[in-house]
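Okay, got some structures for you below.
Both complexes below contain chain A, partnered by chain B and then by chain C.
After this line comes the complex of A and B, so read on.
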């Protein structure tokens, strides 16, 4: 098992290198000069030239790449062209926001998606099943920004129940210690801070969770229906086991395995896909950071965030493999 | 069923409780801005609007424009000043007893330190502060600045955020990290910055002009326009700044907010100009004939543009300067070509050209404002027989194409960052700078170039104004472009916000006088 994890992690290295080469060259193919973008329409040629030199953008490409790579090996991701701050610091400042929203979204998706899938599968073609199929189809296909706007309009503007955007009220001052708003709010001891953070989480996490919950619900429903027609289920029923023992003890366990894969893959996808949600809800995560960086041609930031996303994606797949191995003796056998 | 009730009640209760927590900060003002502020101190700021505004609230400059007219300078850290006959030596008497937020005293040496530091660090001020030849601090309250050549707009430059005075002690303490820990003498002290989230400024109770009325000022980063609007309607923020106006028309918000008693709309004329610009140095362009240029200028329905697309959020421009500039020549309002498609067609016929084989591309920036503008101009030109293809181009690419002179006709504009006609005229029309930025690309012309340089350097203000009058008349006669409009500066605020004055050039707000009732 330990060997397997080490081998999987080592195998990530060449993949990361390839990702790096592709990103490094691709961002430089986007037309447009970072110095021009940074200075805006009013700038003169001499101001642009001065900034280019200051940012070391006139060095040969290969030299720039080697310098970047050398830095990276030493743990230095370079400095943002826009802010001049170390990229690693900039990413670390924003990662908690993205993790916070994603983890909550996954929890919501699991809590909502899986039971709905089970209920729907155990009552095929019932009214509930039809409702779930329609709602989940909408959930899978509705664009995130549309759902976000709708929820803002209904819950914030019309009902006045929830805040529009942000991680907590703009008027609250909570000293950022960990970067996780919930923990910082708790540490601050400020009255109402935790509540403010929680209510601010509801809408953005719901938007992120909607797609995953719908996907998960549909997936669990399908696999459950398949499993329910297996011979061993018929045998179990014939043995006289209760209906609930059969569903929860036999069918569910077997249909959850593929569901874990789905959650794992979609979690990583969600991290990257959070760009729109983060923008609409003014959520200061790395998705939005990356988007801004692409617009500003902030090369080191684009490289850094891509690398982090790639790493998260690969790590999630390793974790999924490990969970699989823990749950499924057949997979465990193959790992040795 | 019961559980659902409990959950619903808990949700409602917690929301209400959160609502009251948000309302209790009556003296905290939250301002929504579209992007992360950068360049929070003079040494790193390259005229980025949000950072510039924060500088004006955390630091002080020697002088500032007096509201609400913004046509006269008043002393801030400088109590008084005299300018030598030749316009090259500036003597300042500085305010006594002012301290920086870190407790160290403000004096002439800190002014010298600030200017020298900013000149060294900030390439953006090379053409302006770079004219300083020497700075002499003869006593703590006496300072003399000498320029290498006369530059009457220099006092304007000193009102710029890049000319703000920093605490030498804080610079020594923080070094490169000073931009994350800016320390000045201004009405607000820097408290905290959180990436992509907010900048928090606390009131400076010892401010030399008196303590600000607010206890805290928060710049809250909200990138999406629709989210900013909902937040303002819900009272989640107090003020929206329209930096986004540069690429979008705030008309929809205007209409929605005008009906909302909780929201006030503050408007102020700007010195921004948007124009349909000819490449006046193109070797092979139909617009090298002044009759053709004039025809284009007559083809544009200026009032239709202001009413139809901008709904009163922009005003008419007649020449190279806006009518709120102190150097504006009222004569150009009569000289400027007005909307007259008949005359346009006649001029084209007189020039003996056939627009059918011109194959023109109308270049412009991206964004809904520029798209609407391009479509409008396209229709106007088609009406007189000129067919153009609209090419909205991503900014860096557009700039390269423009400075390379590849275009024949383009939509462009300029936002002057200091309150002086020099900010429009020299960079836009001096032939020596034609390809140094996005300009009108004027061909060399000894007379006009000479006028522009003398106007830039003349220290007698009346003579200077006369020179700019003459330049405006000459330019309007040459029709280097069709001047389309000047957008107003629009700020939306909750109606309990008072004392906010919208500054015109540069469009930055000071919050010292602002209160929340």
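After this line comes the complex of A and C, so read on.
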């Protein structure tokens, strides 16, 4: 198992290298002189020179890249053009907020998506099955920003049940210890703090979870229907095992393994969705940070957030592979 | 072909999707001839009017007719969906087939780049690229195409790998045919089916991604009647006049849903096991 993890990490290195090249190149994709473009037409020559120096655009390309790499290894992602603070610190401060909604969204998606897929596959072509198929297809087709708007309108504006946006009620003062609002609220011991945080979490996590739950439901349904036609299912039935033993003991196990991979891969797409969701719900995570950076043309921040999103994704896919290998010995063998 | 038509007939959802898209296409083509208002015509006296007989979908904060803007925006959306997928398809299939057929160093270099692009959440990379290229509809489309192409490359590579060990390709090689000819005339032609399914499934996500860039201000710029940009332009009025933002939003949902219905049906069609189930 240890061998597998090491090999998986080594296999990641060339990909990580290309990822770094892409992120490094982002500023260089700006048409014309990036410094002139960023500062606008009114910039003086000394301002342009200062920005070129700050973005490290004057050295030869290879040297720029090497310096970028050395910086990264030391945890230096450059400084924000807007706030002047180190990008790495700014991202670290916002990471817990993004992880908080992402983790809750994944949990909701698993709890909702998988059972729906199973129920749908065990009753193919029933009314429930058709309903699930249509709803899940809408779930993968709806733009995240539309779903967010609809939920805000219905549950916040019209029904007044949930807050429109934000992370907790403004009158609450909770000391940010860990950065995770829920844990901080619990630590603060302030009455109503936990409830306030939970209530604020409902809408943004639902929006994030919707796409993942719909994808999972569709995927589990399809794999399970295919697994049900396998020979070993027929054998199990022929042996006289009960229908529920066959479905939950044989079919389910074999359909859920690939579902783990889907959760991992779609988790990444969900992170992309966090940019839209966090922006709409004024959620102080790295998604909204990236959106603000785009508005301010703050390229060091855009580079930093893009890299962090990619690293989170790569990390997820390694973890998914490891879980997969733990559950399925065939996968471990294949990596040799 | 007859089989395919019959298949669509049995598959009600796919037929519904095709019909709705056909209606949208007719509206786009005939709109200008049957007196649909201009999507750019300002009329401040009639700003933020709710849906009525005069303005079926209401008006926005500049008094522009929302129905006209949605129908007009449909042009961009269809052009975006098809344009992005065609570019991604050509680029992805080109490199993927080469990687699968030639193998060796070409395969390694191409696939590492593919892996790297796939290591970014698609929307994040599209946003970062669009931000670097500068905000415009063309740049947004290019950015989305770049994030979509690797999926085609991966699929084309595995298809090419599978086909290139078939006896007829070996025969072509032993006949001494030039590589490029074997590649296009024998390998690609036989690998095309699953690629077309992937293409039809990608149209929906191409539209969604480009609309998301438009929503974030990185795609089409005002006063262009693009749906994603229209949703975000009307965001500040959404609580008092919800139709302004919801109209274009639902237009995106409907179109993407239709393309996904058709893509799903085609995927079933190319899957022999499920085709026999129908």
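Just so we're on the same page, the second predicted complex is superposed on the first by the 292 of 336 C-alpha atoms of A that agree within 3 Å, B and C clash if a C-alpha of one lies under 4 Å from a C-alpha of the other, contacts with A are read in each partner's own complex, and residues count from 1 in each chain.
The rule we apply is simple: a residue touches a chain if its C-beta (ideal position, glycine included) is under 8 Å from a C-beta of that chain, and two chains touch if they have at least 3 such contacts.
Note that the structure is a prediction, hence the values are computed from the model and not measured.
J.: Counting only touches as set out at the top, which of chain B and chain C does A:269 meet: first, second, both, neither?
T.: A:269: touches chain C, not chain B.
J.: Quick check for you: in the superposed arrangement, does A:31 touch first (chain B), second (chain C), both or neither?
T.: Both: A:31 reaches chain B and chain C.
J.: Have a look at where A:183 lands relative to chain B and chain C in the superposition and call it first, second, both or neither.
T.: neither
J.: Just chain B (first), just chain C (second), both, or neither: which does A:314 touch?
T.: It touches chain C, and chain B stays clear.
J.: Just checking: does A:292 make contact with chain B only, chain C only, both, or neither of them? Give me first, second, both or neither.
T.: first
J.: On the A-aligned overlay, A:279 touches which partner chain: chain B = first, chain C = second, or both, or neither?
T.: In the superposition, A:279 contacts both chain B and chain C.
J.: Given the touch rule stated above, what does A:157 touch, chain B (first), chain C (second), both, or neither?
T.: both
J.: A:47 in the overlay: touching chain B, chain C, both, or neither? Say first, second, both or neither.
T.: The answer is first: A:47 touches chain B but not chain C.
J.: Quick check for you: in the superposed arrangement, does A:39 touch first (chain B), second (chain C), both or neither?
T.: Only chain B; A:39 stays clear of chain C.
J.: Which chain A residues contact chain B in one complex and chain C in the other?
T.: In chain A, positions 31, 37, 149, 153, 157, 279, 297 sit in both the chain B and chain C interfaces.
J.: For a test of understanding, state which residues of chain C touch chain A in their complex under the given definition.
T.: 13, 112-113, 115-117, 119-125, 127-129, 131-134, 204, 208, 211-212, 215-218, 228, 231-232, 235, 238-239, 242, 245-246, 249-250, 252-253, 256-257, 260-261, 264, 273
J.: Okay, in this complex, where on chain A does chain C touch?
T.: 14-16, 18-19, 21-23, 26-27, 29-31, 37, 133-134, 137-138, 140-146, 149-150, 153, 157, 226, 229, 268-273, 275-276, 279, 290-291, 294-295, 297, 299, 302-303, 305-306, 309-310, 313-314, 317
J.: Contact residues on chain A for chain B in the complex?
T.: Chain A residues touching chain B: 31-33, 36-47, 50-51, 54, 82-85, 90, 93-94, 149, 152-153, 156-157, 160-167, 169-173, 175-176, 191-193, 195-196, 198-199, 279-282, 284-285, 288-289, 292, 297.
J.: In the complex formed with chain A, which residues of chain B make contact?
T.: These residues of chain B touch chain A: 11-12, 14-15, 17-18, 20-22, 24-25, 28, 30, 35-36, 38, 44, 46-48, 123-124, 126-127, 179-180, 192, 194-198, 200, 216, 218, 220-224, 226-227, 230-231, 233-234, 236-237, 365, 394-397, 399-400, 403, 412-415, 417, 427, 433, 435-438.
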